[in-house]
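One chain, chain A, appears in both complexes that follow, with chain B as partner in the first and chain C in the second.
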Partner chain A sequence: MNDIKQLLWNGELNVLVSIDPSFLMKGSPREIAVLRIRVPRETYLVNYMPLIWNKIKSFLSFDPLTDSEKYFWFEHNKTPIPWNYPVGVLFDCLAGKSATFTTSFENQVKDVLTFLRIHLVMGDSLPPTIIPIASSKTQAEKFWFHQWKQVCFILNGSSKAIMSLSVNEARKFWGSVITRNFQDFIEISNKISSSRPRHIPLIIQTSRTSGTFRISQPTISMTGVNPTLKDIEGDILDVKEGINGNDVMVICQGIEIPWHMLLYDLYSKLRSFDGFLYITLVPIKGGDKASSEL
Partner chain B sequence: MIRSTLSSWREYLTPITHKSTFLTTGQITPEEFVQAGDYLCHMFPTWKWNEESSDISYRDFLPKNKQFLIIRKVPCDKRAEQCVEVEGPDVIMKGFAEDGDEDDVLEYIGSETEHVQSTPAGGTKDSSIDDIDELIQDMEIKEEDENDDTEEFNAKGGLAKDMAQERYYDLYIAYSTSYRVPKMYIVGFNSNGSPLSPEQMFEDISADYRTKTATIEKLPFYKNSVLSVSIHPCKHANVMKILLDKVRVVRQRRRKELQEEQELDGVGDWEDLQDDIDDSLRVDQYLIVFLKFITSVTPSIQHDYTMEGW
Partner chain C sequence: MIPYQEWHSQLQSLYDSQIFHNWALCQDVHLNDEKDGLLLRLIPTRQLQKNTERIENKLLNHIELYLTYSKVYNEPLLLLRIWEEKSIDGIPMTKLMLPTDIESLLDVQGKFQLGLDTIINLEGSVWYSFHPCDTSCIVGDQAEFMSTYLRRWVSIFIFSWLGYEDS
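Showing the complex of A and B:
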């Protein structure tokens, strides 16, 4: 199983970050406003803020680390995107939204979103639901650790397993994300996991026609059962919005998942680096549904 | 005050030891105190180390920024008597043998539990506490009962009275060189922010401990005179030793149960690392268990938002 996890851990995406001209002094070279980076799927965009600030620091029209009246956030096609989801999850959502997501090789080579375009913008107030990007270097670490606390509680009914990590282990855990140390990550995340989970930490993302995303976090009990995705179809699909199982692809870690997959297997193999299993529902357009399976 | 002065001389004169014996004696070294404090502050940041300041009387065997731990403005919405249903004259408190007999110590830490067991559901004080799991479970049930009671009370218009009873405490944990254990100091304020008198602070110490272990003294680590009530640490090591033994037994039992379950299920991939888990409490978690003990001394001061101790 660790082979699959290693593949996911090593997965990377090309990200093109463009910086809004309002950040820069007049006359700044155009090329300074564009940053092309290769980013692991299993990390946060906000971890790249020091790199971004460093690249443009000589051309900034203000000091982003001390100017508390300015807010920054990322956008994709003028829609704000949250930094607090793994980059791979954002990609799955945005690629699905732009109707070019596919897992079939033929379609990939001719018409696929090959990189994630994001735009760094600023304003006097934040868009709704967007967590501000703080100047604190520990913002992402603290958020991520809280995610794991939730995951630990959902899995075990108590957050004791994660709270019992020593200070060194807790630092090593986050350090493994930053330094991309897979062995350290697996070693510590296994201490939090359970072979007999009470519930599965699951987050469902569904793109809406308005351009926004609907996020839901159903409670999936595992006590005495081992359901397939089909068994929990009602929890996954948004019945109120009239979504039918035949109309959507279930995408996880960039892979189309068959409905007969066992949820626990899916979780243990494809969970994200914050401990949650993210499922993205991508509308099927005109029979483009790919037939690939795990 | 004489006792307090003698105590501070003893603190000053007792030599420091650096040899770790916490599992066998319940005592910790200054280095282990720092380690436990670091863990507490990192995982449960309502607790913080002191900041360096000219107001502090530093002890040179501890780092200047790790002289004592502090948590501020901890709510205390009722008096200690209101936290327990006292059984009356039948409750017998034993004196402590100097050598810290286990039964004495368990009675020391369990006295609160005896009250807890005397629930409206009909429990009796004679029920013995032989399992910390049961103890905690009982405490949780009691907590729920208390919440229910509070809701009912508020519904009857008791909110104003509640607010008048509201107090806040600053809690300090320092290192006692005399007893080689952490020592707790509490400094109380009323709902207006005015300091409480020692007599008022005594109201928030469990009756069983009030005359035995609570001492009025100035905070020794501040140059300015700040009056506090301290929990005398003479029995802390014995209590901690018993609790640490209990932790080991409970963990050992749980691990065996888990192994049996796994054998029934077939071994899961994720549990391979269970083998390297030591059943004893790590020393950095010492203060988590210590706070559980302190909760039994100050049951109405709601300071413990850490985690279960075993």
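Showing the complex of A and C:
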């Protein structure tokens, strides 16, 4: 199983970050406003902020560390995107409209090079669903650890396993994300995990044509049962929006997942680096409801 | 830990008791059954106003508290937003404040852990949440005192740092 986890851990995406001109002094070189980086699927975009600030620091029109009147966030096609989801999860959701990821030139070559295109912007106030990118270096670490606390509670019914980690282990855990140390990550995440979980930490995201995400976090009990995705279809799909299983593909870690897959198997193999299993519902082109409602 | 139905019924009792309506700081109380929560709009305490001026160099307008339920932890969950008062071109307005060190601003360092989060049940809006994982240790969850669980939680998670005086 660790082979699958290692493949996921090593998975990377090409990310093209463009910086809004409002960040830069007039006359700054144009190339400074674009960054092409390879980013692991299993990390946060915000972990690349030090690299971004470092690249543009000599050309900034203000000091982002001291200016408390300005907020920063990422956008894709002018739609705000949250940094607090794994990069791969963001990509899976946005990839529903895959044409937006490729340039016309790239479409002409045989092996299409896919880029996740994001734009770093700023404003005096924030989009309502976005956690601002802070100057604090510990922002992502704190958020991520809080996610793992939730995961620990969902799996085990208490936070004891994560709260029992020593300070060194907690540091090593986050350090493994930053330094991409798979062995350390597995060693510590296994201390929090359970082979007989009470519930599965699951987050469902659905992309809508408006460009927004619909997020849900159903509670799936595992006590005495081992359901397939089909068994919990009602929890995964939003019945209020009239979506049925024939209208959507289930995507997890960039892979299409069959409905007969066991939830626990899926969780243990494909969970993300924050301990949650993210399922993305992608409309099937030509599906009855998919085109009109998602 | 408090089961959801028990929490729901205790929230209704708390609302009916007028404890929030009679609170000197409270400007508005709204019980939102659909969203499983109670929204409070508060005027800032003097101490909070001073902290905001000192740390952020801003003027507080009001505080929003949202008392809801965490189905992950099976505990009451307290959400918070603070709004600053601004004037742009002479037009007064309020603006959401998201200070990095919210714990210092509220003067709750070492007592509570807060973090920014997007809340699924509230259209994904951004709130500070008081992390609820230690709640039962803080409040005490012995079965014989279950009927006052939420009242004790409110005393600790809200009144202990904002103070309570009748209006």
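Simple rule for what comes next: the second predicted complex is superposed on the first by the 268 of 294 C-alpha atoms of A that agree within 3 Å, B and C clash if a C-alpha of one lies under 4 Å from a C-alpha of the other, contacts with A are read in each partner's own complex, and residues count from 1 in each chain.
Here is the rule we use: contacts are C-beta pairs under 8 Å (C-beta built on N, C-alpha and C of every residue); 3 or more make two chains touch, one makes a residue touch a chain.
Predicted model, so just to flag it, every value in this text is computed and none were measured.
K.L.:
Based on the superposed arrangement, let me know which partner A:268 touches: chain B (first), chain C (second), both, or neither?
P.N.:
A:268: touches chain B, not chain C.
K.L.:
Touching A:230, do we find chain B (first), chain C (second), both, or neither?
P.N.:
In the superposition, A:230 touches no partner, neither chain B nor chain C.
K.L.:
Can you tell me whether chain B or chain C touches more residues on chain A?
P.N.:
So, of the two partners, C touches more residues of chain A.
K.L.:
With the two complexes superposed on chain A, say which partner A:137 touches: chain B (first), chain C (second), both, or neither.
P.N.:
In the superposed model, A:137 contacts neither chain B nor chain C.
K.L.:
Mind working out whether A:36 is in touch with chain B, chain C, both or neither, as first, second, both or neither?
P.N.:
So A:36 meets neither chain B nor chain C here.
K.L.:
Have a look at where A:260 lands relative to chain B and chain C in the superposition and call it first, second, both or neither.
P.N.:
Neither partner.
K.L.:
Report for A:193: first if it touches chain B alone, second if chain C alone, otherwise both or neither.
P.N.:
first
K.L.:
Quick check on the superposed pair: does A:146 touch chain B, chain C, both, or neither? Answer first, second, both or neither.
P.N.:
In the superposed model, A:146 contacts chain C only, not chain B.
K.L.:
Of the two partner chains, chain B (first) and chain C (second), which one does A:128 touch, if any: first, second, both, or neither?
P.N.:
Touch partner of A:128: chain C, not chain B.
K.L.:
Please indicate which partner A:159 is in contact with in the superposed arrangement: first for chain B, second for chain C, both, or neither.
P.N.:
It touches chain B and chain C both.
K.L.:
Which residues form the common part of the chain A surface touched by chain B and by chain C?
P.N.:
Shared contact residues on chain A: 159, 163.
K.L.:
Hey, which residues of chain B end up touching chain A in the complex?
P.N.:
It is residues 38-39, 42-44, 261-262, 265, 268-273, 282, 284-285, 306-308 of chain B that touch chain A.
K.L.:
Per the contact definition, I'd like the list of chain A residues that touch chain B in the complex.
P.N.:
Contact set of chain A toward chain B: 1, 158-160, 163-167, 170, 187, 190-191, 193-196, 268.
K.L.:
If we count contacts the way the header does, which residues on chain A are in touch with chain C in the complex?
P.N.:
68, 71, 82, 84, 124-126, 128-132, 134-136, 139, 142-143, 146, 149-150, 153-154, 159, 163, 213, 215-217, 219
K.L.:
Help me check something: in the complex, which residues belonging to chain C touch chain A?
P.N.:
Residues 56, 71-73, 95-96, 98-100, 115-118, 120, 123-126, 131, 133-134.
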